[in-house]
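Here come two complexes built around subunit A, the first alongside subunit B, the second alongside subunit C.
This part shows the complex of A and B:
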């Protein structure tokens, strides 16, 4: 009898009516030192049963592992919290009593299996010990523009040391050179003075901020809390140990030389909004050709933006910038006529007031339209041709100054692409055939533009910089979690992350600084960050059995595993999110968590009682469910009292990517008739919280199907279904369909040998 | 960071408030999260999907609820309203009124009470498109997973639920309680409400049942909504064959909301995909002033625009009428480019109503802008605002904003520690 296991079965909320809880308790007696039944386990009396056993106050054996067979583990979490004790929750309510026929033998069989699975998991689990390490709480901020300065100041004001690295010789970035800035104060119509003088001074004189200018990062090795950074400066190399990183490298204007079709280069009087800003900051708006104030000014919006030939995205700020710059024109020439030709005027939120004020000016004309040509008209002016506008099908404006509202290009680097380029270069060198060499060289050329773009120079197997999402922006893929990043404790902020105006960039920088601070504080406590916030379990690698297959190092979505020269994984716990994708990847089963292991789940599968071969109409279907989405969806199915096949046996997993194919094989060997995996959507709009987990699971399952075929077992017995959490109403059908499908195949041939 | 004496008070438990609470608490701060409704989740819990990924909001809520459940530093008050905020040395003193829930923590959400409840009222969660009992669970994935009673809906003298509850969880005589919370900093994140469409009678709302708001459209598309996720005409439950979206229904309008509500353009494009998915033959027309889809939302805009049977017309809808000949609804608008008057017949008209800040019930000490958005002067060191009560914005921006506000509040803790 394993020492210390206590099993507590609740018969409330319909469980007692659905299953014979006494029979259930009897099935557990041989495995536990204490088995107790209660009609209201989460009530004070029920809790007392458990607490007494844990404290051994009633003279019985001391319980130090607890199985609670009651409601879903998603509920009553505060009630059944026993720190330092293994607690395993068995979901008899939502997944059995509320979804199955009361009193049926199949319902009891399901409850018995779930209890048996829970008991095995509790027996195999260890309470994770908190990992303590020396953690640097210093924050590295890369980029000294508005976002970088803000991140540095905000982190310093929260009490943290900051190292600020700027590649230019001066701090301030783009906004330091502006005449005016937008503000977000009522009445939202005014501009503030440009420049960042105050902020720069505050940063330079802050006792907790160290600034390095004209500096480049040579290398960042290590992991959150223990990054070693080497910076090259004109004064020499600086090394420091830092805890987290804010990437605030900003933007550059879109290259206007590509905008010849809008007249750029045809006349000195066709300028960009960046040039206009500089002109305004240095004395006022003048026509470059004759240094006179302009009389007819045309702003062309989306000059290069929202254009598949140039920047396919909206640069978000150009409309507001134009609204600001119209006022510079007005200062220089109060009588000037100003035309704004736009696709859509985008002045969101309260900025509508600014737009409205400028619209009300009798000499400002805003028109939706398409500019099809800008050319000198021969007498010193410019002819701007506008089509499909409310000025008519074709209109011509004679202008003496044309301003192209050019957009934002992020100063980013694509880490995985740089890594792919390096791999392709090596492949080209080492190619064993002409065909291989040809392919590798093609790949090198395709990726060549990433050469030398490194910013962070991270010592990560997955590449030296953050991955980018779209259009070069290292933004988050998640709407709910805009700071979610695939490199733990490294957060992008400001215009490098997404096009945004200054007020937003400051707010964004504060948010990124918060995340950086949080990352180091969680590292101090040995905790994982989002989404498994607070998890202190850490996988162990039994490296003596490692075959250097590199599956784990390649497949970790977070770059938590570096490799030595032979390909042995070098685990970095503070980069790790505890998803278990490495555990699922390992063919040697050498990667395991103390509370979630290959052996634990394999043993749990073996605990499922498979009907013998004489019960041909009874089937057993193992269902691995993502604990984040599919499993809660099945809880809602129960709450809605929707019924489904009594033959399914659900085992929640951290991510489908953590499912080791050994489990599938084990299930087949045990006579389980089919294995279903239900997890998050993958593809471009993936919903997997670990980015690639469900997709990897699908690939692995495809390989497993081939293996089954070789064993003369129908590969269709394995299936993966993508399901969003709100598709709970589809779940009974998903389960039933699979059950019917497997029933048509008949029982697993392995059942003959049991 | 060392454990601090005083918590951060977060007012509002929607996306902004939950985020602010979690980000600060995971960094080590103590937090009290004060929510007016009986469950967390706020406005996004009523949405069917997010743009541009078309993924369900409940996915992120589930993660956040789990983060909250495992975090001992967060204390939650539901059905709680902040009546007063006063400054005091080292922070603020909040007077909070906690309305009775009439269902205590003994509740297991077993549902016995609903089975016997005889009272039915229009469900505000579904904007009146369905009914609910007087005792109810706020929504299927609600947190806390605990019932609540709308006493105003109860039949006089009825105590059926109390008698039916096996766990003694129902207290029909529960009284409001006042609680005083001392906090080192305050984050206000009370969110928004949809603009009151009954003021848009010229657009047919309230006159024709098939003129609905975008908020109602979300409920129609939601699997837990009044139609189980089916997009149908409220009048007869039939699938629409022509759907018109009216942008800026109240927004960017000096007579209604003189600001842009920021999210309605992308929301209507998203809702056009609902129509596209369920009623592939339906014609979709979107009347707009400007389509405002900043950043990479442009990809989404183009993607929707490239679909079949969808057209966008720059023009403001002047009125909605019923055609005398066909009996169908007619949107009357002016095409801004041609200047011509246009009429489009529709089975379903969706008013893209805007965002109104939830600031009416907040203590007057919190400064507002002329539109009711909170505009706390930067000189106030200790009260911070996040999300749509400050500015209309999309979910990702709200979360960023709330994360930044969490840092500012966290700085107050560090400051108060330094002075302790």
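This part shows the complex of A and C:
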């Protein structure tokens, strides 16, 4: 009898009516020192039962591991909180009583299996010890534009030291050089004066902000809370220890030389909105060809934007910038005719009022259309050809100034690509055969454009900068978690994260600064940041058995693992999100958490009672469910009393990526008839909370199917389903379909050998 | 198709803004108007395209667009427009511009539609009829008759000549209009199509489709038929008296007199509904400009004074001459200024409907 295990079964909320809790209790008696039943376990009386056992005040044996078989672990978390004690929750309410036929023998079998799984998990778990270290709370802000300045001020005002690094000689970034700025003040139709003078002064004179201009980051090593940063400035090298980073490196204009089809380069009078801004800030709008105020000005919106050949996305600010710049034109030339040819005018939120005001001017002309040509007409003007507009099949505007409203490209660096370039360069040098050398050189040429683009120079095995996602933006989780990147405690803010105008960039900067503060404060407590916020468990690496296969160091989505020269992983706990993807990756099973391990889940699988081969119509299906979306979705299914197959046995996992394939093999060996994995969507619009977990699981599962085939077991017994939480209503069907499919295959042949 | 070289006409934009289309520039091309308009067809660019052309000051293009005349000012679009651009009002303003644009001679059109010159419009008929009454030939009969002051041969000759001038002005205007329509691609033969077009107008079929404004249909229908009846009776009696086979005043039981009185009553009811509607709906669906008021008041005034003179004559009160004088002035204005006032819409619309039957209504 294992010492110290207490099992507490609640019969409230319909559990008692659905299953024979007495029988359930009897099934647990042999494994626990105390088994208690209560009709209302979360009430004071029920809790007293547990607390008495924990304190051993009733003269019985002392309990130090608790299994609570009641509602979903997602509920009553504050009620059943016992620090320093292993607590395992068995979900009898949502997953059994509310979803299965009351009083049925299959329902009881399900409850018994869940309890057995819970007991094994409790037996195998250890209470994680808090890990403490000396943490720097200083925030590094990279970039001194509006977002960077704001992030620095927000962090400093919240009481944190800030190091602000700017590559230019002056602070202010792009907006410091503008004539006017958009504002978000009532009545939302006026512009503010350009420049960021006020903000720059506040930053320069803030006692907690240290500013380095004309500076480059040469190296950032270490991990959150303990980053060592080296900055090169004209005055020499500066080293500092910092805790978290806000990346606010801003944007650069889309390369207009690629816009020849819109006349760029054909005449000095075809310019970009950035050039117009500079012109306006330095005196006023003039035709470059003759330095006269223009009479007919055409703004071409989406110049190279929302165009698969150029920038496929909307930069969201060009329309507003045009509305602003029309006013520059009018200042220089009050009688000018201003034409705006757009795909869609986008003036979000209150900026609509600005749009309205500019529309009102009789000489401002807006039309939806497509510009199909801009060319000099021979007498000093430009012919702008507009098609697909309601003006007529082809309309021609004779302009003397054409402004291309170009979009924003993030000032980011692609860390993994830079790493790949470096690897290819080494491979080209060390190649053993001509073919290898040729391939390596080809790869180098392909990646050459990443050379010298480094910004952060992170000392991370997976590359010196943040991984970028679509279109070069480093934002990792645009759906649920703004500012997040794939590097813990490094947050992106402003236009490097997504195209945006100044007001939103300021909001963004404040948000990212708050996230950075949160990251350092959680590091102080040794806790993980989201999605496992507050988790203090860290994986342990039994390195004496490591074969240096590098799977963990390559597959960690957060680059938490560096390597030594041999390829042995060097774990950095403050970079880690505790998802367990390394645990799922490790073929040697040497990576384990104290409260979540390969052995624990393998043993839990063995605890499932598989019917013998004479009960051919009873199947057992193991379902690994991602605890972030799929598991709560199944709770909702129960809450809505939607029924599904009673042969299902669900084991929640931190991420599908943490599923070690040994578990699948174990399930097959135990006679389980099918294994289903339900996790987050992957691919371009992934929803995986750990970015790549469900996709990795899918790859590993494909390999596992091949292995099954060699064992003469049908590979179709393994399936992975992507599900987002709002698709909970599909879940019963997913489970039932799989159950029917497995029923058609018949029982696992391994059951014969049980 | 030839390409359009965009040359915005700023004066035209200002004219539209000042004369009923003040909200023109608010349109942001969402196409709500095209979606709600019962008359907009499948390609659904009406009235959205006309709004755009007007915003851009493309005067020639928009004013010769036959689609302008499809609109019956029901106000559905104005009510639904999310931007308050009031497309219904703008189209009304554009029709006014079109009438002035095609009118001949143009200075008359400008004069007639100048609100500040409204009193000078009546100067000519006032002088004319005052002179005729005071110094013209007079006859005496047992009973008081209008012919005593205004002899029939003089009066009819006068009105036929005024009408003749109006017809001439219309002819020139229509010639220009048809030419412009042809350039725009409205190529349907006009003469054979006049019959179905007029049939449609007689039945007011398009008016029936209005949703936002249920009273416009009966109002306009009654006014239309009333004035058509009055016009018919007036012409027949004019010809009859000139030919000598009719003698005014006709007895009350005379079929023509019955028709005249009936038409006047119908017209009065219709005009009252339209007037009441305009007064009630100023902001919501239909804003009324000088251009609108001029026609409505002229019509209502002419019918009212006509009926009143008849009653006063039957009562043999001397004041009947004064009222009849006003009546003559108003009828004169109505006829003489018809090619330049809103009344011209009857002519342009009919031709536009004929020219665009079976297809090509939207221009290029």
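By definition in this document, the second predicted complex is superposed on the first by the 735 of 754 C-alpha atoms of A that agree within 3 Å, B and C clash if a C-alpha of one lies under 4 Å from a C-alpha of the other, contacts with A are read in each partner's own complex, and residues count from 1 in each chain.
Just so it is clear, a residue touches a chain if its C-beta (ideal position, glycine included) is under 8 Å from a C-beta of that chain, and two chains touch if they have at least 3 such contacts.
From a predicted model like this one, the values you see are computed outputs, not experimental measurements.
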item	value
Side-by-side fit of subunit B and subunit C on subunit A, or clash	clash
Touching partner for A:400 - first (subunit B), second (subunit C), both, neither	neither
Which superposed partner A:345 touches (first subunit B, second subunit C, both, neither)	both
Superposed model, subunit A: greater residue contact from subunit B or subunit C	B
Which of subunit B and subunit C A:390 touches, first, second, both or neither	both
Which of subunit B and subunit C A:356 touches, first, second, both or neither	both
Subunit B versus subunit C as contact partner of A:368, first or second or both or neither	both
Contacts of A:113 with subunit B and subunit C, given as first, second, both or neither	neither
First, second, both or neither for A:71, with subunit B first and subunit C second	first
Subunit B versus subunit C as contact partner of A:555, first or second or both or neither	neither
Contacts of A:530 with subunit B and subunit C, given as first, second, both or neither	first
Of the stretches 151-159, 277-285 or 331-339 belonging to subunit B, the one that collides with subunit C	331-339
Touching both subunit C and subunit B, counted on subunit A across the two superposed complexes	345, 356, 368, 390
Subunit A - residues contacting subunit C, complex	337, 339, 345, 355-356, 359-368, 385, 390-398
Residues on subunit C engaged by subunit A in the complex (per definition of touch)	1, 3-6, 8, 10, 13-14, 17, 25-26, 28-29, 45, 48-49, 52-53, 55-58, 61, 83, 364
Contact set on subunit B toward subunit A in their complex	1, 15, 22-24, 26-28, 48, 50, 53-64, 66-67, 69-71, 106, 108-111, 140-141, 145, 166-167, 222-224, 228-229, 252, 258-262, 290-299, 302, 314, 336-337, 339, 369-371, 373, 375, 391-397, 399-408, 410-411, 414, 418
Interface residues, subunit A side, partner subunit B - complex	12-14, 40, 42-43, 71, 74-78, 154, 157-159, 184-188, 306, 312-314, 316, 342, 344-353, 356, 368, 388-390, 469-471, 473, 475-476, 478-483, 498-500, 504, 507-515, 517-518, 521-522, 529-531, 533-534, 628-629, 632, 636, 639-640, 681, 685, 687, 689, 724-729
